Amino acid sequence: MLGTRFATRINSFASGAAAYWPDLNGKPSLAQMVRRSATVDGLSELDLNYPDHVGDDAAAVGAMVRDCGLQVSGLAMRYYTNPAFKRGAFTNPDAAVRREAIDLTKRGIDAAREMGAPMMTLWMGQDGWDYSFQVDFAALWEAEVSAIAEVAEHDPDCLISIEYKPNEPRSYSILPNAATTLLAIDQAGQPNLGVTIDFAHALYADEQPAFAAALIQRRSRLLGLHLNDGYAKRDDGLMVGAVHEQATLELLAQVKRGGFDGAIYFDTFPDASGLDPVAECAANIRTVRRMLDAVTRMEGDNQLADAQSRQDPVEAQEIARLALARATATG
Amino acid sequence: MLGTRFATRINSFASGAAAYWPDLNGKPSLAQMVRRSATVDGLSELDLNYPDHVGDDAAAVGAMVRDCGLQVSGLAMRYYTNPAFKRGAFTNPDAAVRREAIDLTKRGIDAAREMGAPMMTLWMGQDGWDYSFQVDFAALWEAEVSAIAEVAEHDPDCLISIEYKPNEPRSYSILPNAATTLLAIDQAGQPNLGVTIDFAHALYADEQPAFAAALIQRRSRLLGLHLNDGYAKRDDGLMVGAVHEQATLELLAQVKRGGFDGAIYFDTFPDASGLDPVAECAANIRTVRRMLDAVTRMEGDNQLADAQSRQDPVEAQEIARLALARATATG
Amino acid sequence: MLGTRFATRINSFASGAAAYWPDLNGKPSLAQMVRRSATVDGLSELDLNYPDHVGDDAAAVGAMVRDCGLQVSGLAMRYYTNPAFKRGAFTNPDAAVRREAIDLTKRGIDAAREMGAPMMTLWMGQDGWDYSFQVDFAALWEAEVSAIAEVAEHDPDCLISIEYKPNEPRSYSILPNAATTLLAIDQAGQPNLGVTIDFAHALYADEQPAFAAALIQRRSRLLGLHLNDGYAKRDDGLMVGAVHEQATLELLAQVKRGGFDGAIYFDTFPDASGLDPVAECAANIRTVRRMLDAVTRMEGDNQLADAQSRQDPVEAQEIARLALARATATG
Amino acid sequence: MLGTRFATRINSFASGAAAYWPDLNGKPSLAQMVRRSATVDGLSELDLNYPDHVGDDAAAVGAMVRDCGLQVSGLAMRYYTNPAFKRGAFTNPDAAVRREAIDLTKRGIDAAREMGAPMMTLWMGQDGWDYSFQVDFAALWEAEVSAIAEVAEHDPDCLISIEYKPNEPRSYSILPNAATTLLAIDQAGQPNLGVTIDFAHALYADEQPAFAAALIQRRSRLLGLHLNDGYAKRDDGLMVGAVHEQATLELLAQVKRGGFDGAIYFDTFPDASGLDPVAECAANIRTVRRMLDAVTRMEGDNQLADAQSRQDPVEAQEIARLALARATATG
């Protein structure tokens, strides 16, 4: 059931390390960050980055997380091990580097299976371009889609979820928004493919997040839900509901209605501005619980459906606002 | 061959009406604007809006345009006749208004056939939403796509081209970018459907226009090419190449390579800031001719393809810049 | 006291005219719209456009509004009477047209005085440029500032408030944001000058509205407060709090603290999407009353000031959210 | 004379380090990067970051650069030495951390003097906020401006140039655009203060860069000019002229006319996408030389001034385009 599983970004727990670990030299270890994250009431699981957090002994890392009282919900690829990946992973102009990226992804999928968390998130942030005339777009697209198909085929029992993002690090990503990602998935044609929505990415892709979810739930599968907030210009990584409360509430209502019942993952950056990551994560869980309570309240009668059938925003917004205010004031 | 047909927006020719027609009372007639546009050297055709410009006697309007020495390249729907269309054309919450929009579109398609210009551009600017919770996204999408399918089916011999735009007049359009439009066309499933790229719309949809064209040419058909320019925030309607010269040149190279040989249409707004529309249109034709000359120069050897195979922007940009500078300096 | 005076845009009340005035031919008259607006519970006043709404008999128009039970809070200039204003009002390249704009403004100031509403809002939307190399920026700036000084000097007892906006109709406005407007006011040097914040303009000027207000209240005077909402891309004209609830609440807290006690004006566009303008305006008043109640609740103790002294958003946001939820749930 | 001094970002020269220094373990040293940069034909100087590049022996570092055949044009502060600076340098909520930032800046100013390069660039990227209600805007502003005044007063013979940027790392910077920076400088009141324009920052502050320069040159002094390019959404760090050729040319014409004759600095990120930094820097120098040649050509007669007096973009753009094409085709 939606709202029983909460996951978060583990690197957030390096924030304010000097105060939290007075004796620390350098950066905290993964185990230290996991133990810190486990103090957040209500947090049930973590996503880990591959290969950064996992290395060669996936089973041991999985056991460590479970020993701290949490689950691993899945892995996420990071293409940082070879500096040449800056020029592209699946779309690298050098065939050997492209092959290295594909093979690394397959090993990541194997590691996810080994950890008992058969879900891999692919954010292909290096795949894109910066300049007019830099790339042959048709060739770039085929390189991207054929690699996605190949890694999906590698293990049909591991879910592969593509997380789109408009830009950064590249000026233009090849998979910038939900609809382009759905075209790639359609062409790749593997049944274990799906999509991850990151709320802040959707905002600065100029998407209404709930519309993106509806498209995804119609044409493919929503496999991941990354909540956070921002100002629709960049990937701000703010707390859930900090800026776009109504749009977040609408997204939650949409994904629930469309059958999503996976973990709600907080992709926020408390470490970027030195916040206490435990308090920040607890605030996110509290906010989402209030919102899910509001969604339940709205489901109780058909007032909202009626307002929507007339496309009447005056009434629809008041219903949503009252539901959230009541859930918050009493929560 | 690309570059032999140039079309433009006829309403531009109302600009500075008082100076051009000293005896005019009120607005110039369509015939007056057509005669003025025919003074632009190199202009070969016009798009007309339906029903605004065409009314009930399409054949007579077509003959009037031809008498001025121009062709009609196609019609474009405008949903302004009923104020209720402000709340949506194909997605209007009132079934009767939605039916009226569909039927009006079919009559427009009939008029295009009658004028010997079997191409209808659909810009569904009223179809979208302004507020969270205002609409049921799944229902809105089905309403849009089923209406597109129905009007396309009405006359399989008339091309139907969908022109996407991120927003305005609605805060969010249901067809905001190339990829979403391709998903709609895929679902509608009619072979006479295709896509129109408007350069300024693509810019503020955060698309690299040439990438949008490559996607369209792979998955569907590019049926219309609207050139103009802007600052990637809104639909500025500036002269071609005024801001994004390299991106325009790249788009022209892409569409030519992908086989597009239709009219190049200038969707600019000289009337919004009181420019001389004849000089403005002539400048657009001159700019595009220089750019197509530059494209031809770049096709002469494989330097650019070689730079692109290495994704090397330093070399690729210099090739493009030199080609355009030479075409301009000698043109 | 803030919250006792509510004003709105009178043209909104043309929305859905055919249904409201079944016998109407053409557009509703100003008097019809005023009578309709007077049915909104809590609305106390209107801004009128000059010359559009006022014409030659300002006193009579003022009396008509008062007869409907409303006040005129001020006038706002519109430079539409001469099509040549499209190329600029105070910055028009033609000295005669520029003079016409200045003189029209002075007559508008006289009319405001005559109506007993000595406040004129200047939105210089036509003053700017569309293209690189189009203007001499230094000359354009001097033309703008000297005209502002001249009209302000015309009647020192009439407040002159400048409403900035990033773009539209021009691609770039000469007064795009709060800080540039403050530089112009500083240079103009007239004590009756001040600034109007339009919430949606501030959003798409990439401003945090409350920071803009703080700058204005430090360097000049906040004379007008236009509330609405949008998606930070364009002037959407949505209902208050529809998208950015927290930022609106923060703005209200800031302007109150800085001593603003003028009318709260709703610059929304219900007519653009066919909403019922009476219900829409009533919703705006209800939303602002809840927000002002929340501001009062937050003023009750120093929790928020304490969180702000630590720049702690986790605590500060929760305080604001709870205050607003309680004001809404019980309101 | 403008165009005789070219400077660049030294960290760019770590790009592709493994290929350039096959025996390198880890990152290249500053001296290695300086030697590599000195191979760029036409490059005359470098900006260095304080304290990162300078450390405790400024004189030795300056000598090393000169030994490589380059000059130091100035220093730029970086507030990374204390992780607490993430929450603000001059605006940090902790008075001790704020003091540390001010004192570090004074030591940087001393180092700049010691190196014979009395110019310090302040980019206060950490000073801002992420959330509504996080800060007291009035207090934040006073903290920022009083610290700027204090460091400027520290050494009246060292120029202090403020480089504004809309966001990143903070969601909102306290000095986001030219006009806000001019208000801060006006209030700080020190004669050695001025402004640095970064072209990409100006673009995504929604400024026309040449207008920003004109405002700065009217109200304060332009002390630094950082050229690069981008898509007006973020700090892309692309090569000069890659996207906005006309706007760059216009900026160069404006700053020259306003008397700027300092170094032209390339703030580009070839390292972010693995480009050859020597070829990339050489391309930037070549592009700017062509543009300055075009500026000279335009100065030759008064055609452009005449077109601008009529605010005629059709003619003005053609003059600029032809001048640049001729400078490029023959250059």
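By letter and in written order, the chains are A, B, C and D; residue numbering begins at 1 in each of them.
Everything below uses one rule, namely that a residue touches a chain if its C-beta (ideal position, glycine included) is under 8 Å from a C-beta of that chain, and two chains touch if they have at least 3 such contacts.
Every value quoted in this text rests on a predicted model; they were computed, and no experiment measured them.
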Sorted by label, the chains bordering both chain A and chain B are C, D
Among B-C, C-D or A-B, the pair whose interface repeats that of A-D, with over half of its contact pairs matching by residue number, is B-C
Taking each chain's mean CA coordinate, chain B and chain C are separated, in whole Å, by 35
Per the C-alpha centroid definition, the whole-Å distance linking chain A and chain C comes out as 39
Two or more other chains are touched by the chain D residues 87, 130-132, 167, 172, 206, 231, 233, 239, 242-243, 246-247, 312-313, 317
Given the complex, residues on chain D that touch chain B span 206, 231-233, 239, 241-247, 275-276, 279-280, 283, 312-314, 317-318, 321-322, 324-326, 328-330
Chain D contacts chain C in the complex at 87-88, 93, 129-138, 141, 166-167, 172, 174, 176-177, 179-180, 182-183, 186, 205-208, 210-211, 214-215, 218-219, 246-247, 249-250, 254, 304-305, 307-313, 316-317, 319-320
In their shared complex, chain A is touched by residues of chain D numbered 16-18, 83-84, 86-87, 130-132, 167-172, 204, 230-231, 233-234, 236, 238-239, 242-243, 272-274
